[in-house]
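Two complexes, one shared chain (subunit A), two partners (subunit B, subunit C).
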Partner chain A sequence: MTVEHPVAPVPAGDQTRIHDIGYRSYDGPRLGRGYARRSLYSQSLRGAYGLGRSVKSKVLPMLLFVVMCVPAAIMVAVAVFTKAKDLPLDYTRYAIVMQAVISLYVASQAPQSVSRDLRFKTVPLYFSRPIETSDYVLAKYAALASALFALTAAPLLVLYVGALLAKLDFGDQTQGFAQGLLAVALLSVLFAGIGLVIAALTPRRGFGIAAVIAVLTISYGAVSTLQAIADVQDSANVIPWVGLFSPITLIDGVQSAFLGATSSFPGGVGPSHGQGVVYVLAVLGLSAACYGLLMRRYRKAGL
Partner chain B sequence: MYDPTVARLTYRALLGRKRALVLGALPLLLIVISIAVRALTGADDQTAADVLGGLALATMVPIIGVIAGTGAIGPEIDDGSVVYLLSKPLKRPTIIFTKLIVAIAVTMVFSALPTLLAGLILNGNGQQIAVAYTVAALVASIAYAALFLLLGTVSRHAVVFGLVYALVWEALFGSLVPGARTLSVQQWSLAVAHKVAGGDLVTSDVGLTTATTLLVVVTVLATWYAGRKLRTLTLAGEE
Partner chain C sequence: MTTRVARVTTVVGVTVIVTESLSKRFPRVTALDRLSVDVGPGVTGLVGANGAGKSTLIKILLGLSPATEGRAEVFGLDVATEGAAIRERVGYMPEHDCLPPDVSATEFVVHMARMSGLPPTAARERTADTLRHVGLYEERYRPIGGYSTGMKQRVKLAQALVHDPQLVFLDEPTNGLDPVGRDDMLGLIRRIHTDFGISVLVTSHLLGELERTCDHVVVIDGGKLLRSSSTTDFTQTTTTLAIEVTDTDEHPDGTRAVREALHARGAEVVDGSGGLPGAGHVLLLTAQGEQTYDLVRDVVADLGLGLVRMEQRRHHISEVFKNDTDSDTQRKEAVGHDG
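Showing the complex of A and B:
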């Protein structure tokens, strides 16, 4: 026995329609694109430290965060108890010394942020919401850069507070702290961009991690080897130009040219002001290029 | 103990598509740098030893080892397709052994061969440096592949832990805490290289007997435990 449903009269010429099967429709406020972008940003930022995820995924980022801060705490303790005139390490130098930890953090968290969306094909779902490609890329980029800034700025804050507690010169320390913050902000943006571009190429998380760490460490290894050889060969004028080819030496060059840092290049030969401009342009250009590449990667929503 | 089909599948998983490009990019970079160094400085034994020791053995071999060792089994466990392999009438240790052979072969081809080439470019095997570091890379390939294959079966974050070991333990702690060097694959392989080169350019903190014993023990133990681990593998969902 068939049940006859009353059929609504179909307007002539319009054969396609979505059937109303009786679900209750949503008539609350629509929070819109800006809200979706902010949510994606805050979720990605929390995810970068494993907040809101399983205990296992909190271990590594938190561990790296602690490893990053402990040396700063030790330095402060030493400075307070020995009544030193100065901190044992400059604010700007800290990130350079701890670069292995920063690289590991980028390598582990950049694929975490983008590879899973690719692998489980959730990217098209994001773009079915009222966000555009640029919103997704911007939110992910900003989230990872902020997470990195938190990682690199926290030990500087520990150093600064400790320096003030140890009654070191206030003006001196504040200037150093500000310069350090500016340098790690640049570093965060650059590293986040490079990490995300590489991670977004592959849906495999493990492979993304290896690729990011390979790019960061091998480029640094290659550049520092070439610089060391140039130093031995007394061709010191080549050293700053070679430094342009790895992310961490780029940051080192910028801060030793403009932010009063001592260069960690062999022989202590930092770039001059003219070369420093090239360094700054390279950092900004690379970050912009990373953004452009990510936009290109996500232009096709279906991957 | 060796199954050709498993080997073929593992080769395809390791070298298929873009992966071979990344694996090939690192050795290529080493060769390019050696050519640049040779052009800048000419043949110099100390420089050759620095480049091969610092760049090839300390950075490139472990990274290739991590990619090949964990890549031989990690992705299969990760996406769950390992159950199809495990449900075949093959012994679990056979699977591990085959994958180990493949991982060792890939690591050797992509790390020891470029090391030899780079050494020949840098100083034409003067004082046996190129051969010594190639032997070190070959020995290290075996230990790294076994170690990282085990990590691949134990943890989902094998790549990260492998890199932490290779970069933080061997490079950072090794340079700060002398004791950490005794427990480092790199130093063990350097001990073997020291025996080959004979001179003072290639040195190790570990004696040859200790080094070879530890190398064999680590390789055998890691392979045995990986086979055991595969027998009791629990497939967890994505966290």
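Showing the complex of A and C:
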């Protein structure tokens, strides 16, 4: 081989740029499905408040969280200064009064949680790993429900702490607080399920937001209108049955039947204990149905 | 938790993938039709036209889509019943976009590593290593939305490798890349096996780009196995070099001078004009191993010409079948063509 002639330059290849210490294989532990599910849960839960995401995506959830808590803080301040014997609002009533804020939160965060994976087709990357459809759905569902619980329980905590500072009756307040927590826990699971099912139908986030708001507000609007008409026409016995058809009145019904709440239905007629059982079954059934629908959706979206 | 089985990629003669009369029928189409093929360790190319059943085969091998009939095994694990165990040992790079634009490559790959079961610290370390190996440096901290296609392909590859699998499925990894990007990606794929010790099943509709990268090529068409053989069988005898040289005052037609000189030295020069404009300046000759490259270099240098280009000409898959099946009655249409 003669080397004195200039040789056409051969591309030097990619080794020139890679200062390589060589490939190291991984022999450490692989923690399996349970760990992956927990990781997805915590990532989704943090994401529901914009943590680990851009500054822009933190604004709305944080703002809604503050909006949720400010009225509670004001009520506490009023109660402390006026030395009232009771809080201006029951623990169980708080979420009902603030339902618009809760709906907005669900509408903004449910699509954020699931539409992105669908839209950017990230879902197949999950399912090409050991996790199964149920792991994905459970993690996403639990994360949004937990985020909602944080949103709805935080103002109750503010009220409770304030009530104790105002030296209101400890037993009464603790009981009310516990009932309120149970009610918002049910509310969180139900709203998260409904929000996720609707959001998972479309990869478009905007549609998801609009659809969630529409379903939550239209159902409530229709139900409360029908209840008002029934009230005017003296057919009060149908009011509780009508209440079964919107998520927020379902929660209202459950808590006025079993958790000592005063009903916000027209005329203040909440469901009886018997009807309350139907309400509880409806809440649980709806939540389970949402889980089932999500499973079906992702079985198809697999690849 | 599972224990690692020993790396099998270095063991000669072990099959990584086995399929036995594997079929997949959809209501209207038959995606796979009684496909029986064995794939050993190394880099294996899976070639076929769009719709030939390549992606369907990968989905079945990942245990995500049940076969209509027949069976398949990956590392001796049945795809129908042990999908989860298989997915723990393999990586998958899909053909389509799969990256969220608003997170950085690092965040995304760390998350995917954790989804594969890597503990947080290991996930971060492996992510940094893997991104470096695929050639992503400072840009890995920026949101993926601003990446070029080539960089996105690297991120997709990194997420398939981050958990150190024993086998990766790469579905059309060179799609949408320019020629330089393609060569980089193919070089990277080669390194996945040679440097990382990971077996590769890579699909493409271009045989040309796989013949240089793969140890073994499986050609499927209409869900049927057309051919499975090592790339040396396939293309070694038909490697063609394309040469282009400059003209000088001494040799006003450099191309002819080289052709004559090569002919004088006994090299087989193919007529490369083909009637295309400008093709008269390109010489094609059949390479018979290393010495042909030396010969061309010496001839060009002796004549005092400049060598503008010397490259391996990529083959259309149809050429392979033409050369290969001249004696055979079967002649296949072009399954793919080089871009």
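Keep in mind that, in the parts below, the second predicted complex is superposed on the first by the 276 of 303 C-alpha atoms of A that agree within 3 Å, B and C clash if a C-alpha of one lies under 4 Å from a C-alpha of the other, contacts with A are read in each partner's own complex, and residues count from 1 in each chain.
Convention: a residue touches a chain if its C-beta (ideal position, glycine included) is under 8 Å from a C-beta of that chain, and two chains touch if they have at least 3 such contacts.
Quick caveat, the model's predicted, so the values are computed rather than measured.
Undergrad: Subunit B or subunit C: which reaches more residues on subunit A?
TA: When the residues of subunit A touched by each partner are counted, C comes out ahead.
Undergrad: Check the residue A:G22 against both partner chains and state whether it touches subunit B (first), subunit C (second), both, or neither.
TA: second
Undergrad: Quick one: classify A:I213 as touching subunit B (first), subunit C (second), both or neither.
TA: Touch status of A:I213: first partner only.
Undergrad: Based on the superposed arrangement, let me know which partner A:L40 touches: subunit B (first), subunit C (second), both, or neither?
TA: A:L40 contacts subunit C only, not subunit B.
Undergrad: A:S54 in the overlay: touching subunit B, subunit C, both, or neither? Say first, second, both or neither.
TA: After superposition on chain A, A:S54 lies in contact with both partners, subunit B and subunit C.
Undergrad: Going by the contact rule set out at the top, does A:G274 touch subunit B (first), subunit C (second), both, or neither?
TA: neither
Undergrad: With both complexes superposed on chain A, which partner does A:G221 reach: first (subunit B), second (subunit C), both or neither?
TA: The answer is first: A:G221 touches subunit B but not subunit C.
Undergrad: Looking at the overlay, does A:G171 come into contact with subunit B only (first), subunit C only (second), both, or neither?
TA: neither
Undergrad: Just checking: does A:R204 make contact with subunit B only, subunit C only, both, or neither of them? Give me first, second, both or neither.
TA: first
Undergrad: Give me the intersection of subunit A's contacts with subunit B and its contacts with subunit C, in residue numbers.
TA: Correct list for subunit A: 53-54, 57, 116, 120.
Undergrad: What residues on subunit B touch subunit A, complex-wise?
TA: Listed in rising order, the residues are 18-19, 22, 25-26, 29, 33, 36-37, 40-41, 47, 50-51, 54-55, 58-60, 63, 66-67, 70-71, 74-75, 78, 157-160, 163-164, 167-168, 171-172, 238-239.
Undergrad: Under the touch definition given earlier, write down the residues of subunit A that touch subunit B in their complex.
TA: 53-54, 56-57, 60, 100-101, 103-104, 107-108, 116, 120, 201-202, 204-207, 209-211, 213-214, 217-218, 221-222, 225-226, 228-230, 232-233, 235
Undergrad: Given the complex with subunit A, which residues does subunit C contribute to the contact?
TA: Residues 1-2, 4, 7, 59, 62, 64-65, 84-85, 87-88, 90-92, 94, 96-103, 107, 111-112, 114-119, 122, 126, 129, 132-133, 135, 159, 163-164, 184, 187-188, 195-197, 294, 297-298, 300-301, 307, 310 of subunit C touch subunit A in their complex.
Undergrad: What part of subunit A is in contact with subunit C in the complex they form?
TA: Subunit A reaches subunit C through residues 1-2, 5-8, 13-14, 17-18, 20, 22-33, 35-36, 39-40, 43, 52-54, 57, 116-117, 120-122, 124-132, 302-303.
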